[in-house]
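Letters are used for the chains, namely A, B, C and D, taken in the order the chains are written, and counting of residues starts over at 1 for each.
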Amino acid sequence: MSLARGRPYLAIPGPSVMPDRVLNAMHRAAPNIYEGALIEMVATLWPDLKALACTRQHVALYIGNGHAAWEAANANVFSRGDRALVLITGRFGEGWATSAEAMGVQAERLDFGRSAPIDLDRVAEALRADKAHAFKAVLVTHVDTASTARNDIEGLRRVLDDQGHPALLMVDSIASLACDTFRMDDWGVDVLVGASQKGLMVPPGLGFLWFSEKARATTRGNDLRTPYWNWEPRAFADGFYQHFCGTAPTHHLFGLREALDMLVHEEGMEVVWARHATLARTVWAAGAAWSAQGAFRLNIADPAARGHSVTAMRLSGADGARLRRWCEHEAGVTLGIGLGMAEPGTPAADAFFRLAHMGHVNAHMVLGALSVMEAGMEALGIEHGSGALAAATAEIARHGKGEMPGAR
Amino acid sequence: MSLARGRPYLAIPGPSVMPDRVLNAMHRAAPNIYEGALIEMVATLWPDLKALACTRQHVALYIGNGHAAWEAANANVFSRGDRALVLITGRFGEGWATSAEAMGVQAERLDFGRSAPIDLDRVAEALRADKAHAFKAVLVTHVDTASTARNDIEGLRRVLDDQGHPALLMVDSIASLACDTFRMDDWGVDVLVGASQKGLMVPPGLGFLWFSEKARATTRGNDLRTPYWNWEPRAFADGFYQHFCGTAPTHHLFGLREALDMLVHEEGMEVVWARHATLARTVWAAGAAWSAQGAFRLNIADPAARGHSVTAMRLSGADGARLRRWCEHEAGVTLGIGLGMAEPGTPAADAFFRLAHMGHVNAHMVLGALSVMEAGMEALGIEHGSGALAAATAEIARHGKGEMPGAR
Amino acid sequence: MSLARGRPYLAIPGPSVMPDRVLNAMHRAAPNIYEGALIEMVATLWPDLKALACTRQHVALYIGNGHAAWEAANANVFSRGDRALVLITGRFGEGWATSAEAMGVQAERLDFGRSAPIDLDRVAEALRADKAHAFKAVLVTHVDTASTARNDIEGLRRVLDDQGHPALLMVDSIASLACDTFRMDDWGVDVLVGASQKGLMVPPGLGFLWFSEKARATTRGNDLRTPYWNWEPRAFADGFYQHFCGTAPTHHLFGLREALDMLVHEEGMEVVWARHATLARTVWAAGAAWSAQGAFRLNIADPAARGHSVTAMRLSGADGARLRRWCEHEAGVTLGIGLGMAEPGTPAADAFFRLAHMGHVNAHMVLGALSVMEAGMEALGIEHGSGALAAATAEIARHGKGEMPGAR
Amino acid sequence: MSLARGRPYLAIPGPSVMPDRVLNAMHRAAPNIYEGALIEMVATLWPDLKALACTRQHVALYIGNGHAAWEAANANVFSRGDRALVLITGRFGEGWATSAEAMGVQAERLDFGRSAPIDLDRVAEALRADKAHAFKAVLVTHVDTASTARNDIEGLRRVLDDQGHPALLMVDSIASLACDTFRMDDWGVDVLVGASQKGLMVPPGLGFLWFSEKARATTRGNDLRTPYWNWEPRAFADGFYQHFCGTAPTHHLFGLREALDMLVHEEGMEVVWARHATLARTVWAAGAAWSAQGAFRLNIADPAARGHSVTAMRLSGADGARLRRWCEHEAGVTLGIGLGMAEPGTPAADAFFRLAHMGHVNAHMVLGALSVMEAGMEALGIEHGSGALAAATAEIARHGKGEMPGAR
């Protein structure tokens, strides 16, 4: 007998749980792509996509996944042989560096390990050393989906400015977009990379580039830009099909419209971010309690350096994998595997796992997932500190206290 | 800011959460109702519906809700002026009595209050007093959806047999079907009333009557039977349309097929019942802890008399309604209102509420709901005993321990 | 190889093709049935349902099919032993009579065959003969789904008035509702019976009764009225659940809301009726051409007596069935079987078939169906007159001529 | 009043009408992308994708549209400065040339106009002239979606072989895949480009490359290959995510699985092709009749050079656009605009239009569309030859004659 039968909760860090409204919006006959409703609807997407990233500058949408969006960013910004400084705090930072390198970019890595955010002093030092301003851009993940470290983008911009370094600031926000606060223009971000399947609550298949006028101006004529990746016709299309370099991803666009309605218009980005912050604190409160005894640890020690959309955790030995399996097969919660924290396939890799809390997620889903983890550790005899659920519910209760006076 | 945005959990006692597979099966073009796939599929429903109730006897399906199924049962069994003994343990027992009365049946009520199951001794006494065997049937709810009291049907049959009373045993299992163990033939039930929207995980719109050969034989020619309610052509149809007395409820039937696949073929009824039993104990474990301090109480004191699909609870004053509102608006869980426990609209009514755990429900959903309730009581300053979540997770962990040895 | 693979067109007279919007509206999680969005939405249904029937009087909605709606009408209007005059022009008129009879009503039949509408003179004569005004009601189908004869309801009212007969005028519009013009109040109809699965474009499972204040007033206290059929609490509900005598048919209601949006608010009933009238004339134009040679005939000779939602046709011998099978298996169009035109199972029955053009139907669907029939008759060597498609397209073209001046 | 209200038929050449089954398969919760059902399902796609193209060689799947697939083909095959011979018979041939050029390939064009297929003699001549075998590849569309000219790929291979030219044969079958017969291995095709939204009946968002071992071997180390376009890890993945260079397009994959079930397993490719051939002949039969009088013409004069999935047509002046608008707004059929046949925005461009008959299409849909066009020309007073529908139904009837003996 399994207690998993029921509505499963997929708590992996993307693809995330999608609202029924989004799936329903995608369940439709193919539309006319030459005139009519689709064309009118798509025109409404651009301002809302900009609102999502807090920018008044430019946005290009790609049919593709996050890797496609990386490649698009690289292709638009670099020529072969250009140099980039890549700040690495997890597997996905490394992935972007590898992508750029394979395209002919000289990627100089600053690696900060797998359990910490970037160290702004080390970045300042590296920039200072680049007297010739050879770095055309600095690449960084906002939140690395693997380590779940969150980097201080506002601080990074300050470092660049302090050093008077003209490099473009390029940020991968795939894991944090629409979850963690992000203010592209205020923070001086030049290129922002996003994707549909996490905070945006749409199936995998769309990538996004937001880019500054500065990025646009300084990268004209670079030699990696190909027709499909070229952001110019996508962002400044003469005809509808240019937005997509060919046939539009019709069904994803309808899903995206619905998701933007929910995020930008109904809830509002500030509230979306506040919701994720509270739910993240709820997870961490449980994590702190579990850590008091036994091997359980949150991967990122400093709360200020943790992403709000997903939390990497570890146990010892293969206990991470055992717990994941128990939660999925016995209780209906699928946790994410650890990624890039240890050599895949080794016992060490099985210690890590991740709990996502991104996108269409509420108190019930998060508290339920934490309770299931607690039950799983008990069932499997995994030593852990006590009081985790009390700490988690207290966090939720604290939020709810000042609210909804009508209910009192 | 609300922490309810995300996937809501509707924990009212029906309609219940439906599997995506059921909704998908219902999302289809209209089928041919004269020949082909629909006709072939419907032929497979009848044996599975019988397996659901553990009977080899007869089943009739109605387009209608639970009230329709009551009326169908009454219309088939009674003639005007017939007498029935109705055992009442909540609003729905009373509802069935009222329905029968309005049709001309003399319903003699035995009322056991709103917080207890039937008392078999009192039933025995009433039957003994009916020396003329005037009661044509005994009517009882298995689990009353309002009080959530569960009655001992097997014991009731024994009482009837002990008294040598020939009355038909008619049971309303609308709230318990496919949740609580039910063995129609073993328990000597003559007429069983069910509906689609609770344990069966299909939208409201189908009612069911299972009936014994004895019930069939002894009720021929009664004068309340009308063409729409008549179970004969429905259960023993010559042509397809007779099963439904006209046009088939095409889309519900496809949903029902999918639900029966899940319940009868994939999970198996014994396992379905065991899952509900464990989840119910999980709820009660939390309830017991909460009850240790303050006004919180489970409505039914004796665990053996509690239904496995829904649990009625109360606080004091309007705290029940306050907590319901908090859980829905702040955390994404919709609890059921109290029903029939106090005069509607009075403050007393607002003390009661219900948590359903019926149908497509797993450990994550239940633990999440209990955690949300705990957070709500804290946020609202409602006094309650401690340790509820630990008790609940322990219940889940206990189950999971002997299981899945591969994960250890 | 079959040319049927592709999007099939189910052209049977109900269930009819449903708009994607309706199916999408029904694809949703279970809603709260105690408060919130569902309750607010349902309040908007009643005025639109009245608009559909052109009445300002009363409406009751039933979970059930057309037979349920017949029984509901009978139960509300009659007491046992009451007399009714039933005007029969096809199998469904006979079906209503049988239903009433089985409930204890004395149904006096006036049968007008299977290929003609009612003869108002014969009705006048029957009413005149009823000097005692024993007929409590006159029952008639507006369009009999089987024969597809359409009866003159306005004329029938005049006859009743001319004779000064107080009988209630009860009309079954299941096959014509939202297809043929119907003005309940203007035509003095007292009880109107409808269902969801034809012109209303919603899956089978809802029946409707519209009733006049006169019908309401004169039938109080009749003895066939049971709780489920009683229209009083449904039409004049104190609480939400009374509208449905128990649990609401949640998913159908959302589908109904969408369908009413399309019919009443977006297209408008007058335009809906005009569309069906034009499409019906298109079918008849083809039929007239086919009839010029060979055995093909439209079942109803007089165009003024043909329903606008479905057209019964015949060939000779088993050619009707052969053609039906060819159209379905070779070309993707499922025609309706003949119903009640000859003894089922006999060769004669296989001569008949029906083409429905009800609900969500446009020029493409109808012209395609007629073309497929033409191809089928050719493939099967069935003799038929020529020029059918030219006549049909001419009918469509005639309509389109005065329209859309912008396109010229 | 419009006769378009009903189920619309989108007859543009992609995206095409999708089966309900495909849309339903895509309407699902996000799956686990690390283990379980998705991974197992995806493993079944590759052999079926190869069966679709009649190849035993290699296939790579891309999240992207047709333009992405062009770019992927270019990136894998070419280095900067490589030369290609591009055979152009419509806008999409030109588009591919432009794409290659923009990536640094020297594209030598052979243009055959907009109303004819390639001339193999001219191709032979061009190859003969390339004594140095400078052309690394010959690029050609199988069916150009704009002109609807179909090219003889088998003949083209013969020409290459006759000339002993080692160039790779690269074919764009986006418009013809799963509609027109295509035998990649038999015809010696080295790179085949496809997309999801036409004959494959899946929403836009997937591109495909099938490639020969020869293509693979001779293109290693070219310098246009970037990580996202590189076909090696996609076709020969070590880990699941490599198939997609990152996150899988989960929902499209489920849709693709369903479509391949229908095409490869249920109907079979030979039968799929035969169905499209018959439906294409049906369209042409009508076209031939219309051409007998007035300006109507099929764009490609030679039937052997017409694609089986879409047919370009023209009238005079703006009559093409007038007819398109009439069909859409008055009758429910959306025809495709003319593309690349004249300067966009000029009156000449408005003469052209296209009727697609690709993918999920049957006799009813095609005959209905032709009937609607006939009605439109009549309504708009556009001169045209007579007998088109008789010719079309005769084509359908001819097919159906030898079939289904059971129906006779």
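We adopt the following convention: contacts are C-beta pairs under 8 Å (C-beta built on N, C-alpha and C of every residue); 3 or more make two chains touch, one makes a residue touch a chain.
Values in this document were obtained by computation on a predicted structure and should not be read as measured data.
Hopping across touching chains, the smallest step count from chain A to chain D is 1. Averaging Cα atoms per chain gives one point for each, and the point farthest from that of chain A is the centre of C. Between the chain pairs B-C and A-B, more C-beta pairs are in contact across A-B. Note on A-C: across the candidates B-D, A-D or C-D, the interface recurring with over half of the contact pairs conserved by residue number is B-D. Chain B and chain D have CA centres that are 55 Å apart. Centre-to-centre, using mean CA coordinates, chain A is 44 Å away from chain B. Averaging C-alpha coordinates per chain places the centre of chain B 36 Å away from that of chain C. Annotation for chain B: residues 8, 17, 24, 27-29 touch two or more other chains. In the complex of the two chains, the chain A residues touching chain B come out as 1-9, 17, 19, 27, 262, 267, 271, 274-275, 278-279, 322, 325-326, 329-333, 360-365, 367-372, 374-376, 378-380, 386, 389-390, 392-394, 396-401, 403-404, 406-408. Per the touch definition, chain C reaches chain B in the complex via residues 8, 10, 12, 14-18, 23-24, 26-34, 63-68, 71, 75, 98-99, 102-103, 195, 197, 203-205, 226-228, 244-252, 334, 336-337.
Residues of chain D touching chain B in their complex: 20, 24, 27-29.
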